[in-house]
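Quick one: structure below, then a few questions.
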Amino acid sequence: MNRHGYIGRKMRTPELKEKPAIIIVSFGTSSRSEAVLDLFTTALEQRWPEHRIFHAFTSAVIRRRSGNPSLHEALAHAEAENFRRVVIQPLQIFPGTEYQQIAETCEFFPGLRTFLGETLMHRWNYIEEVLKVLEQEFLPPSTGLNLLALHGTPLAADPANIVYLGLERLLHRRYSNVCTASLEGTPDFTGLRNELVRDNAAGKFNELRIIPLLYFAGQHAEDDLMGEEETSWYSQLTAIGFDDVTCLSTTLAGSDYYKGLGYYPEIIEFFLQRLARVMGLAERY
Amino acid sequence: MNRHGYIGRKMRTPELKEKPAIIIVSFGTSSRSEAVLDLFTTALEQRWPEHRIFHAFTSAVIRRRSGNPSLHEALAHAEAENFRRVVIQPLQIFPGTEYQQIAETCEFFPGLRTFLGETLMHRWNYIEEVLKVLEQEFLPPSTGLNLLALHGTPLAADPANIVYLGLERLLHRRYSNVCTASLEGTPDFTGLRNELVRDNAAGKFNELRIIPLLYFAGQHAEDDLMGEEETSWYSQLTAIGFDDVTCLSTTLAGSDYYKGLGYYPEIIEFFLQRLARVMGLAERY
Amino acid sequence: MNRHGYIGRKMRTPELKEKPAIIIVSFGTSSRSEAVLDLFTTALEQRWPEHRIFHAFTSAVIRRRSGNPSLHEALAHAEAENFRRVVIQPLQIFPGTEYQQIAETCEFFPGLRTFLGETLMHRWNYIEEVLKVLEQEFLPPSTGLNLLALHGTPLAADPANIVYLGLERLLHRRYSNVCTASLEGTPDFTGLRNELVRDNAAGKFNELRIIPLLYFAGQHAEDDLMGEEETSWYSQLTAIGFDDVTCLSTTLAGSDYYKGLGYYPEIIEFFLQRLARVMGLAERY
Amino acid sequence: MNRHGYIGRKMRTPELKEKPAIIIVSFGTSSRSEAVLDLFTTALEQRWPEHRIFHAFTSAVIRRRSGNPSLHEALAHAEAENFRRVVIQPLQIFPGTEYQQIAETCEFFPGLRTFLGETLMHRWNYIEEVLKVLEQEFLPPSTGLNLLALHGTPLAADPANIVYLGLERLLHRRYSNVCTASLEGTPDFTGLRNELVRDNAAGKFNELRIIPLLYFAGQHAEDDLMGEEETSWYSQLTAIGFDDVTCLSTTLAGSDYYKGLGYYPEIIEFFLQRLARVMGLAERY
């Protein structure tokens, strides 16, 4: 029994492809978010015009609606097209629970050599680079408070929590008007809200700007961050005295969107750098 | 890293299916051989009417022509449809090189619990059962010589060779007019031909009947066994003096076919028994 | 070589059990702590009356005294009784070093499909639920200081430390009179003691209540928390000026016990929910 | 995740044993066969008087009757007694299907370093040594025919079949009056019977002696070899003309037994040599 055992075992070996296939893994695109994924795909195809590119989506709900393939299916299609080396680049921001699942699917997929790219925030120096881009969006201390919205993981012992807690600490020491909380875990929003009350933050800052650290700022931004319900961050922040709570937004092809990281050309470039790094490994390994 | 690690890791677990999916793996069907696979599928659906059934095909050539899925793809589709338990029944005759590939693909497929059924000739007592069915097709010793055509494996150290050599020995001790050779390995046809010449078999037997031990007796029967070329068994046997060399054939829906094992109702029943055995295990394991 | 390879390999397959066995893993019960484990077992048997239930104990010392089985032995007994699917629910509070050992024993046990339940504090939202129960025991800020006693892990890079540090931070932002320390690691008691001295906590709070976050508050509570020795938390807290240091206690069947988490009906219910979650997965996986 | 990961992870490491434990694996003893296992155990305890010895039994039926432990249970007991190195010596004759199961159980058992001894007939030179012992029991060609009864495996592609077929070939070239067949596979008894008829063996030899190559010649000898039923070897051999069909037997402590290999002091010595070989490995590996 050997996960790679069957390669070349048959009488005639199939005509295998020489260049590795590329699989881009994202959460999944609604009709609205398709435009932002197109920005990435266009840049990708310009950089690697001769590679076969597959897309895979992690959201079962969106896949069901769209008929798009899962990562398992994209890997299987690549295998069926006679690729045996596949480079997988996820559009994940943090190396968290979902990245771990992607890594395990790739690692154990039979018959393929898989090479998995790193996430946007995989290394402390990457985090610094990303912050330099985002700084341009920060309200200055004289004007307002910036709140970075992280995804978070529900699993308390997931090592991704180290990144979240480390990032919080890093922001606290770098900026006097930047705080952070996560949607599904730690650092928790309730704790942050208590702290903002304790410190009378609403008295000090007129404005509060939410900056989503998500590739697509879709449902999460519309509902959890800026929704009308009492539990949304918008409602809770308004309730503790912030008058002017907004979420960063942008315009693409005439439509307005909450501005996820996928809209920044610099972030797209960072993801292409992650991919280039792992492509380099795939060539020699 | 854990092949099954992601079970239930996310906040909400998906709505998983309760009954296992069934995947039938065959070599692949040309338009001609589709009819014989339909015989099996009909019997299968009657026996397990409430299970989701997928088909997978091992021949890359036929898949390319037909757009049918590979085993990797069928497993990936089952996973995407929220099955986590999958029973795989191959229509292989012998536990050989291709069965080994199937076993490895199933064993290492990430995120699924797979249960692989045995082949038609997996056990010595199964081999005896199959021979009892085939005996009805044998020419009697007074009339002619029977030649069982096996697939064979090119790999010299593959344990499947034990089955081929053991079967040859078993036939020799049981029948006075049954011999065997394989298309791609041992026991080799050249050796058999030499032996037939040495024993003056063409002088003793008027007729020689080739009985293919293949599920579909397609290309292999048409070209390698009965083809016009000098290298076909037909040509070589004729050249050493056999006047009447035929290959067992049958009629289905008005068309004539070389009679592979897939045409026998008893063989279909045996495959359903293999599947029933592994379904029983899948319920408790 | 295949950990599950022998499934159905023999001529006759054994009569396998259909429902999975359940194994409850706890640290081990002295004669005193047996009563608190009985509370759980009674609730468990009411919820799953038709499942075979095994108990396993992680403490070698207690096992030697009592003759009770280890987890290895309980798994082996289940296998010998023809179970092939086993659901394991540990009564661990945190997903720490010992949980990791349990996970590895289950994952690699030959011939069984094992399904491991999560710990009480496995997810951030579980931690919030548990705190809501414990809040009822907290002294109000006007009366005293609450000190949650965690187990902790000696291993500095164990991801469980994230939970401990995250929990400390969460408590700090939620409550003005709740602090925490662990018995064997971080957050360290010496650091906490220094902080209490610096903040003159003994001057602000008359009373200090220790609340053990342990399933059984046995030896640890009697010796390490409330013991007479100079190194006990009681002695050290008294030495820095706290006059009234107590540990939460309760009465069961006429005896007094330090109140571990196993005495709370809500906590028992949470563990049954963990088990229900993994039982659901075991049915479909 | 690491099968050996937990060793030494906890604060205090347990008091581990220095010498490896020894586990002897046999099929299982009825009250009758216990005497023959005692012969082995006595010799074993004399050779390794300072090692802890466990017994494990592979027959589920006999275990149920006797309450004896399975191999899983014996390994678990060794682990619970703080052994971490275990030498396992099976009393199997051939490296067949059951030996494979034992190997997989040992290989994947969590937390133990296991060292598995070879079977009696594991190597071609061992086979020669064993035949030298058995030769003393062979009827001379002038007197009769000897039939070695092998266990066999039902699985047609199991590599153990190579040993069975190789042994048959070896016997055929060495002796003019020794043949062989297996109880559950190849070489098949029906084929042998046909051959004996074809060669008029019953006309040439007055006597036929069955020599069981089984450790315990229990149920198999009493029913399958020498039973009254028409399907027993005794009945079938008598039916084709053999007048004097016997099975080798012996006397132990006043009782008569069919003579399995466990009665020969030389065979016991061979098993101790197998064990000594793997004990040597366990000391340095």
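Each chain carries a letter (A, B, C and D) given by its place in the written order, and its residues are counted from 1.
FYI, a contact is a pair of C-beta atoms (placed from the backbone, for glycine too) under 8 Å apart; a residue touches a chain by one contact, two chains touch by 3 or more.
In this text the structure is predicted, and so the values were computed from the model without any measurement.
Trainee: Looking at chain pairs C-D and B-C, which one is connected by more C-beta pairs in contact?
Mentor: C-D
Trainee: Shared numbers divided by all numbers used: is that above or below half for chain B and chain D, i.e. same or different?
Mentor: different
Trainee: Centroid of chain A to centroid of chain D, CA atoms only: how many Å?
Mentor: Those two chain centres are 59 Å apart.
Trainee: Would you mind pulling out the distance in Å between where the CA atoms of chain B average out and where those of chain D do?
Mentor: Once rounded, the distance between the two centres reads 34 Å.
Trainee: Which whole number of Å gives the spacing of the CA centres of chain C and chain D?
Mentor: Centre-to-centre distance between chain C and chain D: 47 Å.
Trainee: Determine the centre-to-centre distance between chain B and chain C, using the mean Cα coordinates as centres, and give it in whole Å.
Mentor: Chain centres of chain B and chain C, defined by C-alpha means, are spaced 54 Å apart.
Trainee: Can you list the chain D residues in contact with two or more other chains?
Mentor: If we look for residues of chain D contacting two or more partner chains, we find 1, 154-155, 184.
Trainee: If you connect every pair of chains that touch, what shape comes out? Choose line, ring, star, complete or other.
Mentor: other
Trainee: Chain pairs in touch?
Mentor: A-B, A-C, B-C, B-D, C-D
Trainee: What residues of chain C sit close enough to touch chain B in their complex?
Mentor: 2, 4, 7-8, 11, 13, 16-18, 84-85, 107, 113, 115, 123, 277-278, 280-281, 283-285
Trainee: For the complex, which residues does chain A have touching chain C?
Mentor: Going through chain A, the ones touching chain C are 1, 152, 154-159, 161-162, 165, 184-188, 190-192, 194-195.
Trainee: Can you check the complex and tell me which residues of chain D touch chain C?
Mentor: Residues 1-3, 5-6, 9-11, 14, 60, 63, 69-70, 72-73, 75-77, 79-80, 82, 97-98, 100-101, 103-105, 107-111, 154-155, 184 of chain D touch chain C in their complex.
Trainee: Show me the residue ranges of chain C that touch chain A in the complex, using the header's touch definition.
Mentor: Contact set of chain C toward chain A: 1-2, 5, 94-96, 121-127, 159-160, 162-163, 165-166, 169-170, 173-174.
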